[in-house]
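Letters A, B, C, D and E mark the chains as written, and numbering starts fresh at 1 in each.
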Amino acid sequence: MMTILTETAAADATSSVLAARKAHNAKLSANADKKRAVWFPIAFLAALLVLPALQFTGNYNYVLHLVLFTACYVTMASGWNILGGFTGYISLGHNVFFAIGGYFAGMIFARYGISTIILAPFAGLLCAFVGYLIGSVTLKTRGPSFIISSLALVMIARILFDHWQFVGGANGVALKSNDLSVEWAKLPYYYAFVILAAFSVWASYKIKHSKLGLGLRAISKDEIKAESAGIDTRTYKVLAFAVSGAFVGMAGAIWGEYLTYIRPNIFLIILVSVNMVLMCILGGKGTIAGPVIGAILIIAFNELFVATLGASELNILATGVLMVVVLLFFPLGIVGTLARHHRLPRILNWD
Amino acid sequence: MEQIVQTLILGIALGGVFALMGSGLSLVFGVMRIVNLAHPSLIIAGAYVTYWGFKLWGIDPLVMLPIAAIILAAIGVILYKLVFEKEAKSAKYSEMTVLLTFATAMIVEGALGGMFTNTQRVTSPDYATDAIFFGNVFIPTGQLYAGLASLVIIGALALFLKHSRFGNAIRATTQNRDAAELLGVNVNFVGIMSFAIGIGLAGAAGSLVSFVFSFFPAKHWEWIAVLMSLVVLGGMGSILGTVLASFMLSIVAAFVGAYFGSTWSSMTFFLALFLILLVRPQGLFGEKPELA
Amino acid sequence: MSQLLEVTSLTAGYDDGPAILDGAHLTIEPGKVHCIIGPNGAGKSTLLKAICGMLKIRQGDVKFKGESLKGLRPDQILRKGICFVPQERALFPKMTVRENLRMGGYSLADKSGLERAIDEIEERFPILRERRDQHAGTMSGGQQQTLAMARTLIIRPEIVMLDEPSLGLAPKIVHEMFGIMKMMASEGITILLVEQNALMGLKNSDWGVVLDLGKTLFEGPAPEVLADPRIQELYLGGKKAA
Amino acid sequence: MLKVNGLCKYFGGIKAVDGCTFNVDRGSITALIGPNGAGKTTAFNCISRTAAPTKGEVWLDGERIDHLRPHKITQRGLSRTFQISRNLADMTVLENVICQSKIGGWRDLMKPAMSTQEIDKAMGILDFLGITRIAYEDGSNLSYGQKKLMDLAALLMSDPKIILLDEPAGGVNPTLLEEIVGHIRKLNDQGMTVLIVEHNMDLIMRLSHRIVVMAQGKVIAEGEPAEIREDPLVLDAYLGGVLEDAA
Amino acid sequence: QEGPIKIGASLPLTGNFSVAGSKHQQGYELCVGLINERGGILGRQVELIVSDNRSDPATAINQYERFINVDGVEAVYGTFSSRLTFPVASILAKNGFVHPVPAGGALRIYTQGHKNIFYFQPNAAEYVGASLAGVLKDLVPADAAPKSAAIISADDFFANGVWSGLMGEKVMDPADGSEVADLAPGYLADNGIEVVFSEKWPEEGFSDWLNLANRVKQSGPDMIIGLTASAEEAVQLTRAFKTVRAEADLVYLSQGTQAEFAEGTGESSNGILIHTSWHKDAPFEGLLGGEPFSNADYVAAHQAAYGAVPDEDSAIPFAVCQGIEQAMIGAGSTDNAAMGTWLSGRSKDDPVRSILGRFNWDDTGLPADKPFLMTQWNGGELQFVYPTDEFEGVNPMTYPKGSF
């Protein structure tokens, strides 16, 4: 029984154990350094900005449409991520902001002909304000109750918009399409969305790495601890709600004009808000690249299933199965799970 | 006066059905922390089972109820094994399940659509469109039977959970999985069984729904928000709360529908949810959140 | 010397993380009180968790009465007679005190004596009777610890593993608790205990084990451990205790 | 500096804290002891406002704080630890610690989350507590004692005027404890006021200037360590005659 | 050009409109199949590409975009419902495609000034009331005519349109607040019918049918008008009327020609009037593959292909397909501009001939002189009762209906 002790005793137990512990420490703190490739998102953005040049060689409207559509969802998902990912409040009601942004800009566009691209920032401000109001009420609840209250919010908004005759009620309003020729008609919206998406990614990076972001992440883990650490949880949360609402609202503003049609069930259907949530979760909630990757993948899957399986319930079934599989094998989302296992390629580390 | 009584009866009648639809959801959340967005789609699966039993062999929906419950419970076991078992230990379980169940709902919808097409169905036993009249006031028999059946089922379930050894094990596992395991509970088995019970309830509810509402595979989207608001209003996980919330809201909705117009009646559910959350964020029977 | 439980060069860790235990060994003799000490994060709790089946054993083996426990689930290991009270107080926060005690008897094949056993326990710990209908989660830290300890008395296993049982208990209660432990030992229940209150722990046990960096550094009779100056300096609070 | 006046907290029929009154002098180390369930933690909760007191007053530096939200209290310089450690999962220990550093007003919100100075300071504290090696570990993957230490580190990060420690020694290795005791003394010498709940009598007797004894929600004795040691009431209710052993 | 002529159709095969959407798919597929059997169009086979848009407008746009840019379709078929048709119309107009609309009767779609849009149903929803008024005038004895009506409606694009016509409301364009049409005084007022109860229920998630039915009953109307958005709602409403034991002389619903309606309501369906664009017994003569192809041929072909009698949701898209075929042949190419010119050039005497009868359009794209048919369920069979003068085989109308 005494063997070990006598052995170590010979070599001065105290200092050797201390040395071993120190070496161990050094090794552990060594894997802490992180590297990321900033050039990649920038190059990616640049590529997107010159992509429309394709139009000189033929009709690539569909490609542009897909990129634009994806950029729209990147904006929304990144916005959602600020509340859902950083702060941990899963909202299924963010399409309310989509609708408010869309109607605000859409109606002004319809009546006064001011482009929604110019109106988008104002729509964002309006949504931030509304988000601030709504957030002060709903953020009192937490967890599943919050999720469901956000769902209720959509329902209420839906019923109200459906009955508001000034904006066409349930039937909606048709907006004029622009006068550009077919090849170029999409360009204004394309650039607006790509820039908006880039802005939202940049902004969420900034937020995540700020005091606000740190506070939000603390809130998502343990609100009581955060509060007693001196974080004004209520203000932080409401702020996060407002900011994330603003992004979704800006996307909505332009989306209406692009579709040339606004009506409640373009914006206020579960599919829209669920898409935002799914994209974030699939890509990795709380990460910067997550919403982007999620948006690209989900839209790609959608296209793939519709194109290959054609039209059938199979399409829904396959989407469901795919989601389950991804969730089971990437429980933290693709970016999150890879990062956890130190397998995240550097180009996807935007955090 | 007569119309007030009538509206009240109709509200209660609808509440009984919602109570069973919501309580399975509430149970699965209460004991398993699974926010089961697939619940309504499984209710529809139960309704299909009942529908075909009635259509092919003329079996009364109320007789089909236990059969549908068992079949759905079996589906629940398979679902749990395939989808939820792996994640059950994870700390993010509750949040993950929101998405997993959402995906499950899509799978169920897709599968049902593939098998039964999107045509809407309804089982029509005679009592489904009958009513007992007292002078000018009537009680719709379909909803009456459905309500009674659901109260019996819910009552039996509540007693079982509160007093049986297995019920205790279920609650223990929910509250502290590790501790339950250390005390000799086979937590995985408990997980499977309680999920099966929850889904079985969806099957039972489906049987009742099959003659009260008409249904098709995609119909579940319409129910999810309503059922969820019942569950939140009652206090997440409290079955009693869900039942009371179902009756209260259905009655209020009936009055709103009768006196302010039908368009506003479905808004009642959501508005009430909102108002209640304002004054009592934990719902009627939920536990107070920690931070005062 | 007959060995009840034998742990040989055990390697284990959490999920797919690094190995926290790296060659720990341990032998446990029936009817005695064993005390494991070591700095924070040494792997003491991890060792107990590996023994009771909460963690996967990567290498090495755990033998109970000569039979390997590898691959068994905690509930199966409990039925073999090893009971574990973790550091984080394995209580059911939203069940009443009485229900918590009742859950203690969940694994008993024979339920007839359960209610009486619970009554006896309440006799011994009056606070549990007083609060029998309070939710366990709302009890004070020390009360929770008392409840967790008391619950193991219902199971009456062959080995009880306690992870820092004195944690958060008032001195008077700590004293009582070590008394109970001695009594359990005298009734033939083997005890394996992890203690940061090392002086107290070692004084009340027969056998001492020192664990650091996932390895067993030393094991020997408790008084010997207590007396060793190096161990005192490294793990027992240094000069002061000497 | 801290004045607690007639503080009460009832949970239904249970009077966890029942008219508790005591003062903590500036620059002192005051210990709050008492049997399990005496209401010490609840009193802490009411002071730091993580629970709303049923009635009573709490004054900090001549200002009433029992209606303020917890973060306001923290910002006024009162920080606490939790008996059962609360940590932020999925955030590294470093982030857990830096989370608690002070921020000014609105303008600070968009400042970088972790400035170099803050990291240096945090690493210094971690180093002092001997847990540098887990600086990048997930806050929830810690041993019990490590969590306690992390809490302590976070507390020190905010440079509080007064700290409330709820059983800081529980589950901490004695060797390390010695160092922590030394550090608390040092902080105290620099002017930090300390209110500490602990069951380790040895530590209390060595560290504290004054002791407040609670039982069943009320203060039953108050005084110098030497007095308390002799108080028969305390001996009976709390120490059970074991003090001699330990000391 | 070589290879088959590709034609794209985006349909709501899942989601809210899935029932109608899948029937539309059947209609398109059957028609394209038959064309190919007959040697295709202009000597080329036709390849139909159907995509599921999940009842979502954004997806629908996306899919038409893909048809045009990626799949290289030479023509498209329209989608189902006004909601989806609205945005699709802009995209197709922008790309210069002929847009044949199977279902999308909202007036505002046609007042936007799109050139190549053609509606393949009898006149827009707003004018449905004309047929109902006709029934009242021609089939109901003057002394027994209903004096009061309860009108209830889903808050749905189509149903709202019918409502406006019946109640004589103005149709406004909320974009600029301008008036699209003024339908005053409305068909009901025109016929001296007093509205004793009127109410709308929300488009989605309404379940309180008994309450609604009971209130209709309490108002004691002679005539009940139920403008449901789907056959499902029609079933619910009818069952509720049966449960509360409502009675009326005349019951008109805007949906319910489908077999599911009869199945879901059983005996209660007896005597219920429903308007339709198509009926299996209507002796319309169309063209397919350049040869005569009558409505009866269509019913037979559908039955052979799918084992069931078709309903209007399959027949309308079939007619759309016929129209596009005739346009291609008429234009002699798949050039959309030429096809559009050809279709616009149709007249009463030289129309498109389909299984829905003859079509020619005014400059908005709405069909000219095309009334709806009125049908009535009797003994589990949907009988065609009005107009009586258009062709043979009209059944007598049951009146009054009595109880459900």
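In this section, a residue touches a chain if its C-beta (ideal position, glycine included) is under 8 Å from a C-beta of that chain, and two chains touch if they have at least 3 such contacts.
Chain identities (UniProt): A = Amino acid/amide ABC transporter membrane protein 2, HAAT family; B = Amino acid/amide ABC transporter membrane protein 1, HAAT family; C, D = Branched-chain amino acid transport system ATP-binding protein.
Given the structure is predicted, the values throughout are model-derived calculations rather than measurements.
Graph distance from chain D to chain E, where chains that touch are one step apart, equals 2. Touching chain B and chain D at once are the following chains: A, C. Put simply, the chain farthest from chain B by mean CA position is D.
Centre-to-centre separation between chain A and chain D, using Cα means, comes to 39 Å. Centroids of chain B and chain C (each the mean of its C-alpha atoms) stand 43 Å apart.
The geometric centre of chain B is 36 Å away from that of chain E, both derived from CA atoms. In chain D, the residues touching two or more other chains are 50, 70, 89, 134.
Residue numbers of chain B whose C-beta contacts span two or more other chains: 109-110, 113, 118, 217, 225, 263, 266, 290-291.
Each of the following residues of chain C touches two or more other chains: 233-234. Remark: chain B residues 165, 168-169, 171-172, 175-176, 178-187, 287 touch chain C in the complex. Interface of chain E with chain B (complex): residues 13-16, 18-19, 21-22, 152, 155, 199-202, 204-208, 210-212, 214-215, 218, 230-232, 235-236, 239, 242-245, 260, 263-264, 266, 268.
Residue ranges on chain A touching chain E, taken from their complex, read 59-63, 65-66, 69, 110-111, 155, 158-159, 162-163, 165-177, 182, 185, 255, 259-261, 263, 265-266, 269, 271, 302-303, 306-307, 310-313, 315-316. Of all residues in chain A, those touching chain B in their complex are 90, 137-138, 140-145, 147-149, 151-156, 159, 162-163, 223-224, 227, 270, 274, 277-278, 281, 312-321, 323-324, 327-328, 331-332.
Residues 11, 13-14, 25, 50-52, 54, 56-59, 61-63, 65-66, 68-70, 82-83, 86-87, 90, 93-96, 106, 108-109, 112, 155-157, 160, 172-177, 202-205 of chain E touch chain A in their complex.
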